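Beneath this line is the structure, given in structure tokens, with notes to follow.
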Amino acid sequence: MHITDPSISIRNLKLSFGAVEVLKDLDLDVAQGEFVVLLGSSGCGKSTLLNCIAGLLDVSDGQIFIGGRNVTWEEPSRRGIGMVFQSYALYPQMTVEANLSFGLKNAGLPRDEIARKVAEAARILQIEPLLKRKPAALSGGQRQRVAIGRALVRDVDVFLFDEPLSNLDAKLRAGLRVEIKQLHQTLSNTMIYVTHDQVEAMTLADRIAIMKGGQVLQFDTPHEIYARPSCLYVAEFIGSPSMNFIDGAVAEGIFAAPVGDIALEGYDFAGPPGTGPARLGIRPEHIASGPEAEAMPVRLETVVELVEPLGSDTLVRVGVQGQSLWVRMDGQAVVQPGQALQVGFAPARAHLFDKATEARL
Amino acid sequence: MHITDPSISIRNLKLSFGAVEVLKDLDLDVAQGEFVVLLGSSGCGKSTLLNCIAGLLDVSDGQIFIGGRNVTWEEPSRRGIGMVFQSYALYPQMTVEANLSFGLKNAGLPRDEIARKVAEAARILQIEPLLKRKPAALSGGQRQRVAIGRALVRDVDVFLFDEPLSNLDAKLRAGLRVEIKQLHQTLSNTMIYVTHDQVEAMTLADRIAIMKGGQVLQFDTPHEIYARPSCLYVAEFIGSPSMNFIDGAVAEGIFAAPVGDIALEGYDFAGPPGTGPARLGIRPEHIASGPEAEAMPVRLETVVELVEPLGSDTLVRVGVQGQSLWVRMDGQAVVQPGQALQVGFAPARAHLFDKATEARL
Amino acid sequence: MSEPASLSATAAGADAVAPALSGPRGPRPRKRLSRANIIVYGTLIVVSLYYLLPLYVMVVTSLKGMPEIRLGNIFAPPMEITFEPWVKAWSEACTGLNCDGLSRGFWNSVRITVPSVVLSIAIASVNGYALANWRFKGADVFFTILIFGAFIPYQVMLYPIVILLREMGLYGTLGGLVIVHSIFGMPILTLLFRNYFTSLPEELFKAARVDGAGFWGIYFRIMLPMSLPIFVVAMILQVTGIWNDFLFGVVYTKPDIYPMTVQLNNIVNSVQGVKEYNVNMAATLLTGLVPLVIYFVSGKLFVRGIAAGAVKG
Amino acid sequence: ADLEVTHWWTSGGEAAAVAELARALDANPDHSWVDGAIAGGGGTARPIVVSRIIGGDPMGAFQFNHGRQAEELIEAGLLRDMTHVAEAEGWADIVNPPSLLEACTVDGRIYCAPVNIHSWQWLWLSNAAFEAAGVDVPTNWDEYTAAADALRAADIQPLALGAQPWQSSGLFNVLMATLAGPEVLTQIYGEGDSELAAGEEMARVFQAAAAARDMARGSNVQDWNQATNLVITDAAGGQIMGDWAQGEFAVAGETAGADYTCLPGLGVRDVISTGGDAFYFPETGDAEIEAAQDALAAILLAPDTQVAFNLKKGSLPIRGDVDLAAANDCMKKGLEILAAGSTMPDVNMLNTEDTNNQLNDLFVQFFQDDGITPEAAQETFVSIVRRKD
Amino acid sequence: MAHARPNPLFRNLMAKLAAIPMILTAMVVFVGGTAWTVTYSFTNSKLLPREKFVGLQQYERLWETERWMVSIENLMIYGICSMVLSLLIGFVLAALMDQKIRFENTFRTIILYPFALSFIVTGLVWQWILNPEFGIQGIVRGMGWVGFTFDPLYNAQIVIFGILIAGLWQGTGLVMVLMLAGLRGIDQEIWKAARVDGIPMWKTYLFIVIPMMRPVFITTLVIIASGIVKLYDLVVAQTSGGPGIASEVPAKYVYDYMFSGQNLGQGFAASTMMLLAVLIVVIPWAYLEFGGKKRV
């Protein structure tokens, strides 16, 4: 992917804590106005990367550019970034207004300009009535909004978010997620957003960077990541409930597995179709059941093992030849454990990975 | 629902911390072998109720029966309960084995019986290889299993779980959820399970008690709670994304709202259909769009406001007459903000609530 | 395959080299002697000198002979090192008729300190545990009174306690003194233990109750093994306090169990003509040796314990 | 039996003297002396003694200044009546002056054994210091004050004075007893005569005290014997101190007359007070200890003990019938005055410790702080006298 | 019946039994001893406590006594200076220690070790260092600056500061450790937020971190204040209250009048005044600790 005017460029970034290499030769280019989500399991280095961009950690090697300027050694406050933290990190003894204006005062801005910017940010975030309160008197969502406001007043090009919603409950999270999305549409500055939460990642991101062990495994649009995971890890990581996998071997357009041979008609190979041990992945929502299964190119006769009705959907675990598969069914579906069930899927919707390299075939 | 042989009966339970009444005249009957989930937003008194049942808090008034025995003033260890905590609460200085056998030793069981029970529990939970380790050397999921084991060895009738999975990551949570379900099927003892997480509640529970402000609002099967929420709060609380509401008034089988009159054909009124201000609720997954909408009794012409592609599904917010509705669409759906979209739903799938009392109509 | 609503307007094409970007790379060069470092280390070194000065004076003086001391400069290193003052302080210095120096008091101090430290920590830790985990009615009132007790000058309590001990038949015994030390150690120690136990997760306590452990079971099996840092803090505070105590040691005991500090007082205050500063300093150092050694050995745990016990927020 | 004896005699001369007492008791194979010395003076030792007695675990014997210090313990019945020993030993006949025994007597019963006579009214002068200053050794207070400037000029501290409060009030009381006369002191302290205290005569004493203050300025010592040491080492011209200072000169190997000069009554008038130390014996209810107490009480007044003890301590014996041929010049002067009957009661016999304490506070402040005028000090003095009981 | 609500007195009986030593100490020793002291402050007890009540006479005398006034003044000066300075120095040292410095352990041990020594020892050493002849003044004069004067222990105007020097030497180490522990408890993200906001280090400490450390400051203040009220040994060892009565403190007044002065009543009256002052400190503390729970 070629970006002509990257807002943030990271080149060969390395960072070690003592002997532990946390970021390994990492490259990343983020376009102007793009919303990038860093997604990965705990400890993969997401926060570390964000802190490096913010200048809160000194890199071991590599370069960081923001807005075309090399800021590798720049002070955090002079990088043109604003940051929002998981624990909000509001200054507890100051009012909301003081929290918002403290940084500006330090920058020596004139009083009326500070007032104007604070008022503007408060308006955007709809926290005007809260300006005189202290953080302790705010709810979690309101605190998070103030934390965003603190970045907002500083008129920066780049916003960095480190799991800003993970301390909130589900309801609030959903609401704020939409607000952040709209904020991005309003401001259209670059945003880098760290999260654990797939739903957040999928809904917010222009592009998602899936990280593992200090490296970026795949950096692509949400749709691509969902539809064409570049490796086994990403495939398994994305989607809930997660992808079903069947071990087998691929040869001449046929995937041979204990459940039977599956013809890979319509499968879009990433390269020339090879041969050898492979894993086939298929998402629960892409497995049809009952009458619909009839229409599918691949069909399996299975037995229902477990039923998890979620209301809106029903998750069903079915067994076939010692292999368990999760199937997502409609919320009104009526199935009982023990009952026989025909399921089917289209190979076009499946994913094939090399067993050894774990790369997409 | 009438239970002839309740495993747990709670009668007029009241509990106050100083002036704050946390539990208000609460009644609950749990059948033998039932899996009950307490669900509610933060601070509604779920943990408090669980602690009262366990005997870890002294009630202000009321009675608690476990297995027909009045245990209101019994010691926690003599109530025939086992408890699993959110933070695992493993004794950090003891090995897993010692953690499991601590309660048995306190009860003065002979050595070989303790060994037998510990081995049995370890087998069920598949933690045999971990017995000699200390909790610090375990992963989160393993710790949680040990915590469950601690309740398991004590051969109790009632298991109490206080958000046992909320410290784990999504992947692990899904796995352990299934294990707990299977454990319940194996042991078939009574379980009371506190959670925030709707998916857990829906999949695990035989019955869910929705709590708010120290009271139980609805206590019913997951399906009933999803399909026939007894009040506005429950309707809004259950389901993600949550139910859409349209304000209006009901009169003679017609719901009059700004978006137009909706004939309530097929709607199953809870009582005699009244008249007056009401809210109509409809879940995003029950709103059809595009061609399917044609077939629906109620149809609306809307404009797409926001699109949230989740991969497996796509959430779309549509606007009609100043009213916003969330619609769940297929993951492959192609919609753009600004595009016109016809949506529709069946009144049979809708929910009506009195505007003032918030009760289901 | 259908494209979802694509918002990434600028995303296009495959990997390519970004426009030439230049500037510094790699780790920020560290100036070994930055101005900030000079200030930090400079201040710390100056402060350390101030704190070490008295120790230096004590050590140096204790190694000088009296003639050299009379010459004047207390900061000058000894021209001729002599250990005689140490020997004298330890075993020869006289008080009244007894000329056996500090040695007589050393074992008494040990005999007083060990049980006093053990008992006072035992009581205070149980108090803190009861206050933190078994809150009962009135507990806060007793605790407030206890804290009030921390402020009472010891002298004020001297007579009431004499009467109390007499009534208990413990006056003049080792046991009586141990109780007195436990009483006066209780306020601050209880505060520390209470704060510490409050900071431990309450769920552990609940789990143990469900497991059928009683008050003592939980205390010994669950709480104690988790509380090493705060016990170290308590031990250091108590050893220091009790070892250095003079007033209680002399008022509530008899000559045969007088602690070392009484001897120290006698040596320091028995002026025979001129003050023998070198002997005084040696005696002082000898007396302070036990707490000092404990400090040097367990200083790290001390900070950790303080962090866990004194400071909750 | 073992007899624990508490005292605060820990300086060189004092310790040597108390050793004589211990030796005398230990000579009796039945009894032995267990030393319970507490350094730091009466202020440190007295609460310990009182606590031990109230606590019900008293020592066998303890030393107080006799006077009013033990009054209450006697009234409370905590101290043992030693009349039987006194009668057996015939103390009434031998104790001289008899006022010493009277101080031990309450309601006709005798509760303590006086061991020595201490007098406060001495001026100790360093011969070498005056030589260095080029003046003759003074023979009275006026000459001494006149020589102050010369001493200063020779870089010699004119008057040595320790910072402990009792030294300051002692100095003042000596000035009062010698310059105004013993009758004035007895009248003011004994009768609480506040008019006299406010009078012209006392004003002169305060002026003299101010002069002494000037002479004492610059002596940065704490303990009395450190001050004495300044005289011994000729760093100071003189010191007003009780006869116990004698012990320090003796330990330092100095000879009266040759190395130092002593002026009883400051050379103004030959009068000495007859305070002193006495041993008290708490009730223990233990027959063996009582036997030891009886033995000690008898030994304390025995002629041999009196000689040995007082020579070391530098004090005068409480009986006139012992031979003090070994005594030095100073002691002999004291003995003569004593024989002549020019004695006055000690301040401790007239004042309670409470009053003494207040006097201490007043005079330590006066002598250390030039800012306090003699008039202001006298005013406070009068109020203390008025309040005394 | 067994179902009836049991007597609340017997709930958690073992906890109550185990707290008996504490309850006894609190009620018998602290409350009882205090009540005893207050009661006898209205008597004219001399050497032994006696029930001869004289009303407020002891108090009248107390407040007429110059030494008492001096003592109070000294304690105020010492107390305020000691609190302010030890918090200031302790905090600054802790902040320096918190800069991820090398040899932190060594520095910390050096600053903390005086706390292991008794006040008697501290007093003695500093008495000596501050001695005009042998100590600092003597050394500086010996080096040629003849006019140099630094004799706090012999100058009535500043003697209390001479004691303060020693008191701080001994006490700041503990304050530093407490502050350090508090600093380590501050959320790291606050620091990061301040850096991103471009707030200079000193402002971050002053306006953000210090206000956040309120609980630590309160605990520290309780510990410092309880030490200040009891100030006695240090004065005795260093100056014995001199020169004159310039460095007297209330605890010493109490001690001297009770024991040397053999006027228990007077000593008790002085104690009562001190206890009253302590109550003024403890009650707000108890309020903050137990009353002000509503903070998040």
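Here the chain labels run A, B, C, D and E in written order, and each chain numbers its own residues starting at 1.
Assume a contact is a pair of C-beta atoms (placed from the backbone, for glycine too) under 8 Å apart; a residue touches a chain by one contact, two chains touch by 3 or more.
The structure displayed is predicted, hence computed values, not measured ones.
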| item | value |
| --- | --- |
| Chain B to chain D, fewest steps along touching chains | 2 |
| Steps needed, at fewest, to go from chain B to chain C via touching chains | 1 |
| Centrality ranking, top chain (CA atoms only) | C |
| Interface ranked first by C-beta contact pairs | C-E |
| Cα-centroid distance, chain A relative to chain C, in whole angstrom | 50 |
| Distance between chain centroids, defined by C-alpha means - chain B, chain E (Å) | 55 |
| Centre-to-centre distance between chain D and chain C (centres being mean Cα positions), rounded to whole Å | 44 |
| Gap in Å, rounded to a whole number, between the CA centres of chain B and chain A | 26 |
| Contacts with 2+ other chains: residues of chain B | 309 |
| Multi-chain contact sites of chain C, meaning residues that touch two or more partners | 3-4, 158-159, 214, 265, 268 |
| Where chain D touches two or more other chains, by residue | 47, 54 |
| Interfacial residue positions of chain D with respect to chain E in the complex | 42-43, 46-47, 50, 54, 69, 71-73, 76, 163-165, 220, 222, 352-354, 356-358, 361, 364-369, 380, 383, 387 |
| Chain C-facing residues of chain E, complex | 8, 11-12, 14-16, 18-19, 21-23, 25-34, 36-37, 49, 92-93, 96-97, 99, 101, 105, 107-122, 124-126, 128-129, 133-135, 138-139, 142, 169, 173, 177-178, 180-182, 184-185, 212-216, 219-220, 222-223, 225-226, 229-230, 232-233, 250-251, 254-255, 258, 264, 267-268, 271, 274-275, 278-279, 281-282, 285-286, 289-290 |
| Residues of chain A defined as touching chain E within the complex | 51, 54-56, 75-78, 81-83, 85-87, 89-94, 102-103, 106-107, 136, 150-151, 154 |
| For the chain E and chain A complex, residues of the former touching the latter | 187, 189-190, 192-193, 195-200, 203, 207-208, 211-212, 295-296 |
| Parts of chain D lying in touch with chain C, wherever the complex brings them together | 4, 7, 9-12, 15, 18-19, 22, 33-40, 44, 47-48, 51-52, 54-57, 59, 223, 225-226, 229, 232, 248, 251-252 |
